[in-house]
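Look for chain A in each of the two complexes below; its partner is chain B in the first and chain C in the second.
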Partner chain A sequence: MKSFSKSAKRLGLVLIAVLALPSVLFAAEEIKIGVLFPLTGGAASAGRELRAGAELAADIANNVMPDLNMTMAKNAGIKSLGGAKITLIFKDHEGNPTLGADLAKKLILDDKVHGLMGAYHSAVTKAVSGVAEQYGVPLINDSSTSPDLTRQGYKWFWRATPHDNYFTKDLFEFLKGMTEGKVKGLAAVPKKDITNLAAACEKTEWGSAVAELIEKFAKEYGFELKKSILYGAKATDLSGEVRSLTAVKPDAMLFASYGSDSILMMKTLKDQKAQTRVLWGQNAGFEVPEFVNTLGDTTIGVLTRTVFIPKVGQVKPVAAKVNAMYKAKTGNDLSGASARAFTGLQAWVHVLEKAGSLKPEDIQKAANAIEIAGEELVVPWQGIKFATTGEDIGQNILGSGLIGQYQKRADGKIDLEIVYPFNLATANMIYPFPKF
Partner chain B sequence: MEAIRNALDFSDFPKTDLGVALAVLVFLFCFPFFPHSAFAMATMIQFFIFSLYGMGWNTIGGYGGQVDLGKAQYVGIGAYTTMVCLLRWDIPFWVSMPIGAGLSICWSFIIGYPLFKLKGHYFAIATIATSLVLKDLFEVWKFVGAARGLGILPYKYHPPDFWRLIFKEDVYYYYIIFAFFIVGLLYMNWFRKSRLGYQLRSIKDNEEVARSLGVNVHWAKIKTYAIATAFVSVVGSFHAVYVKNIEPEDTMSLDISILIALMAMLGGAGSLWGPVIGAGVLIPLKSYLKEWLGAAAGLLGIDLIIYGIIIMIISAFEPRGLWGIIEKIRRRRRI
Partner chain C sequence: MDILFGSIVSGVLIGMVLALVALGLTIIFGVMDIVNFAHGEFLMIGMYTGLLTAQATGMDPLFCLPVAAAVGFVLGVLCYGGFVKYLLRGPMIAQLLGTFGLMLVLRNLALLFFGSEDRALHHGLLVGKSFDIGMGIILSATKLATAVLSILSFGAVWLLMNRTKIGKALTATALNRQGARYMGIPTERMNMLAWGIGGATVTIAGALIVNFWSVTPYVGLIFTMIAFTVVALGGFGSVPGAFFAGLVVGLIMEIPGFWDFFQLSFAIDWMADVPMISFKYTWIYVAYFVIMLISPRGLFGWKQ
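Let's look at the complex of A and B:
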């Protein structure tokens, strides 16, 4: 009887040891990053792009890829953490801030993630950043551009992408450049030809911020904003909105649209035979693959701000290689969304490598000190360095934007050509915008 | 005193019902003591929130038969009052919540008077319209943050703050909304046996007959609408401090109004337990279907399809909702 209880005790100890084994042995084997994107709803197409971009970056970080000239491709996993691999846990917030905040809580408390990334919609990012701040969990944002996000005074929030203050300024620099003859293939346009502007922006955090910035920069650069409206991205009819825009006979139409609304907006503009000389979209819905796939030739001449255009690969070999890998995986070129998700996760990898620890305080310290060189990135930025002082705490101060224009190639395919910055232009600009 | 006695008197329910209700209440009270995930806790809080919304809707929609599809406007008034009071003047929740309810009641009187001149579908459409108009106004009203909304910056407060209702752990929110739930349930128990409750049921059965019996139909509807409004507004205030970030698109959308009506209708409109059963089934179903079959499983959208099919099956099988199904089974057994 005594020997039986002894063996039972031993067996119990062995069992406890076996059960405890994984948590001891494999503690450093997995780094969990919770990723919140809109995988269903109006911006689902962007969500798919974002997810694929982040997954590709995680693949590269977790495996050795000697052909790729990136630090994260040189090691399998995070070297400073003993080769620990990154696991992405995706959550679908549907573009809903309340749901986003709930899911962030779940990721932090249930899934015990070491950090967060996301959430594309600025309104959702705002809610999620509040949760991250409350629980002291690092959140690196890849693709939300409302300037306010880095002006909340948060200590656990960093943003890799440039925000709309940069992008909208780029737009007005571009319009100014048009009047000065700086645009490739275009003689100086008289300012009176592009003075009158009309803007329509979706009405959540992001679109409202863009609308305010357009108003601010229009004044600063001497343009006249004749009409500025906010509309619901879930709208099923935009004919009233388009009618009020065309009523002011704008020389340039400016949009901030998320997904299905950008397509609806273009269709309605076409139905009403709207006329304008310049048509510009603030990224998002204007550069997801569905935009061109659905609208086809209607997109020719449309300008969109972005951070990535496949043509960047001509001057950045690393971008060309990553783009080829992404295309092999998804069938599409990298877009501004997927390139930023890729870059966001790349920033995470560098931060973890520098931190060499999974303690939130160490990650925080590393994020504040990190500097990633521009040649590491697929996007044409000078690099990534997060501000630790000033107005925009946590904002990458080395980012920049591009403006692309949809043009038809010789083989009939529609592609984005770079028109801004002027020194990177890859094609002559189509001006004025072709009639619908 | 009489009202309290009535609120506590459940003697007209079969003992089985009361036994089940008591067991559920004990479970709900003990839930935080069991091992649970943060997701389960959030789902439970959502269940309480929508049960209370449903109870409010049930007064005018269930007992009164007036299909109100504009409840989100009162969620918005409650949520915004609390948020604006807190952020601008540091007025705590327990003060701003009744202010919000008061404002909601005032607004309900303003729109209720003309609205109840309408009947049937026209009333439902008008409630949607007023709610959307108010949402549009909030979206351009800079004082309340316009379309970008308002948010509580977590580092400005020191949780647990019972006065402002700002906590880091959800368990505090759980017990506060649980307390609201009990009060709501008792109130509804009193309401269904009150003079107004009987008047409403007579109005629902036949308005002309009710009028001939001396019921002031228009006034009874307005009063009930105000009660429904107060319920929703109080929970709206709670919602603001719980989610800490509100914007019109999220707080006052048509989706919220529809969901509120759906909970009560599917659970069983016009019955005490209906909204609770509706929320108890639909909220976990929605959350867990999404969790198990959504992004993680790579089956995007399938959760919504299954959710929709379940709603359709229940509606087709028994238009009086889940409570109707329970009663049907009971009647069959008696036969």
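Let's look at the complex of A and C:
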């Protein structure tokens, strides 16, 4: 009797072991992605947007959402990895490249992340991409636009967003279109009316690159850049800069500003009653919700390049749905920043799905071979496909930009309307820029 | 021509505010021979005080000056009574490093409480208002009000120092501490008062500046540098010196504007390629260096 009970116990233990085996063998692993964004500091408002965008994408990837027509919404987790869920580990780099590099190392060595995403500020992304390259950890960038980032010849860096070469070219195509009468609701503007340009860009990696591109394209398109200045994004006073810009009586003022500096710039322009016909911002600080919330009517007529405007939802149902989810979560519409963070993480999901493994080499191979269709995305791009040869290695070659203009709706709310590409325009352009 | 007049007026207005920033530094040095490296951090605290009081009470920021002055006075007195007093027993280097440490402590406390985000005032009676008076001169209402209040503050401090018993006691302590003590002046209390007045003037300046500059916990550094230049130019310990030197430094900050004026007036192409505005603060450092080289006693000399 004793030996029977002993055998029964053994049998029971074996049975438990056998039953438990599959769940041990096929347990869904956790996929850790380290995400570096500026959650405090001058660009904190953009950081909050970026974080919310990435979180929403992770949420959709980790759960089944049948209503949403996206591949990543069809499965709970990464199917090819046994339904493994994505965990985002956020780190705040405060816009500081040294801190960004240190945090990236910490994520790789201490948190043992499988991949990285970030870091918004191009200067920080440059530092982080160096660390990723050193440790052989894949880094998919969502929203840094300095062209240099994909010209470093790195093997572990991919960028989903178009870079400033595309965006700045868009600006000059737009200005050219203004002189050719292509802009909705606007008769052809004589070129002499918008020929004199003045630019002010923040002086880190991103702004300096934009300043160079403005100079390059101004020459190419036959415009005259009368003044180009670089300033510190952490500046607390920009009155000298604005006086310098207005001294040349520019027809168009062009800016590349990060966060609080874009608001300070606009306030100073208003304070000094600056006059210009076109006022354009290179995304970033010009399209975070704080920009409109703080400045109100002062923003009417301001143009900004972006990759997402809520009006895109009118032609892309998937964008409208995701925008509604984002609005329910944050109270704001998706912006260029949050839409790109969302898309960056979406790219990560597709890459992981294709890799079916968490080995860096497999992820690398998958990223180089990935092709995501435009219909999957909230942004109005043709899709995502990273270049594996040529000048821009790792750059998404299917991205494109938009130019929006802040206009007041009938209900008094200020919204971005699409003015470029011309065929997507949703409103007549306000021209010239209203006097402050 | 527009940019020339615009730059001069802007330089003079901001110069008056910079003078007030430097006033506290020169008073403390005048009375105690101690250089306060945490001066810019006092200003930063003044900026936060003005900003937070205005936001919390809904009061116009210009009416928050008494609160800022009170906070600055108490801060100055506490710093002296709880810290600087003990530093005085040590050598000069201990005083230098001590106030440097105070600077780090205050900056990091501000980081802890206020975070590293920029904050700015967007609403107020005068915020965002300006007047175009022709010839390229656009007077910002906040800067004009700040300059006027700065002159009034200067006047008040001048009267206090020259027309009251307390001021005379402070001056006596500054001139000869031991002699003043023999005459029955409580020099220890005078030191504390000097820190209080120094703190109050700089926090008033901070609460004025926040009307048109944004604030972060790091904003103090540039102001410490500016205040040092003003005090070096005006002469350590000299109140009128600080005022005139403030105006000169305000104009030095407008050098890029004068550069633009020459470039545009005489159409000198190569001047357009020099990124002067990117180095607008550099001229303050250059001025500091030149003053130290040519006239270490400043315009009005050191206290005698």
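Everything that follows uses one rule, which is that the second predicted complex is superposed on the first by the 408 of 436 C-alpha atoms of A that agree within 3 Å, B and C clash if a C-alpha of one lies under 4 Å from a C-alpha of the other, contacts with A are read in each partner's own complex, and residues count from 1 in each chain.
We take it that a contact is a pair of C-beta atoms (placed from the backbone, for glycine too) under 8 Å apart; a residue touches a chain by one contact, two chains touch by 3 or more.
In this text, all values refer to a predicted model and were calculated from it rather than measured experimentally.
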item	value
Joint occupancy of chain A by chain B and chain C, clash or fit	clash
Chain B versus chain C as contact partner of A:G374, first or second or both or neither	neither
Partner chain(s) touched by A:E241 [first = chain B, second = chain C, both, neither]	second
Touching partner for A:P421 - first (chain B), second (chain C), both, neither	neither
Which superposed partner A:L264 touches (first chain B, second chain C, both, neither)	second
Chain B versus chain C as contact partner of A:K203, first or second or both or neither	both
Contacts of A:G383 with chain B and chain C, given as first, second, both or neither	neither
Partner chain in contact with A:P432 - chain B first, chain C second, else both or neither	neither
Partner chain in contact with A:F90 - chain B first, chain C second, else both or neither	first
Contacts of A:T40 with chain B and chain C, given as first, second, both or neither	both
Candidates 109-117, 163-171, 235-243 or 253-261 of chain C: the single one with C-alpha clashes against chain B	109-117
Shared chain A contacts, counted only where both chain B and chain C touch the same residue	40, 44, 203, 230
Interface residues, chain B side, partner chain A - complex	37-39, 42, 139-140, 146-149, 151-155, 168, 170, 243-245, 247, 249-250, 290, 294-296, 300-301, 304
Chain C partner contacts - residues on chain A that touch it in the complex	40-42, 44, 94, 203, 227, 229-231, 234, 236-237, 239-241, 243-244, 247-248, 259-260, 263-264, 267, 270-273, 294-295
Chain B partner contacts - residues on chain A that touch it in the complex	39-40, 44, 89-92, 96-98, 101-102, 105-106, 108-110, 123, 126-127, 130, 133-135, 148, 152-155, 203-205, 207-209, 230, 232
In the complex with chain A, residue positions of chain C that touch it	2-3, 6-7, 10, 115-118, 120, 122, 128, 130, 132, 138, 140, 212-216, 218-219, 222, 253-254, 256-257, 260-261, 264, 272, 275, 277-278, 280
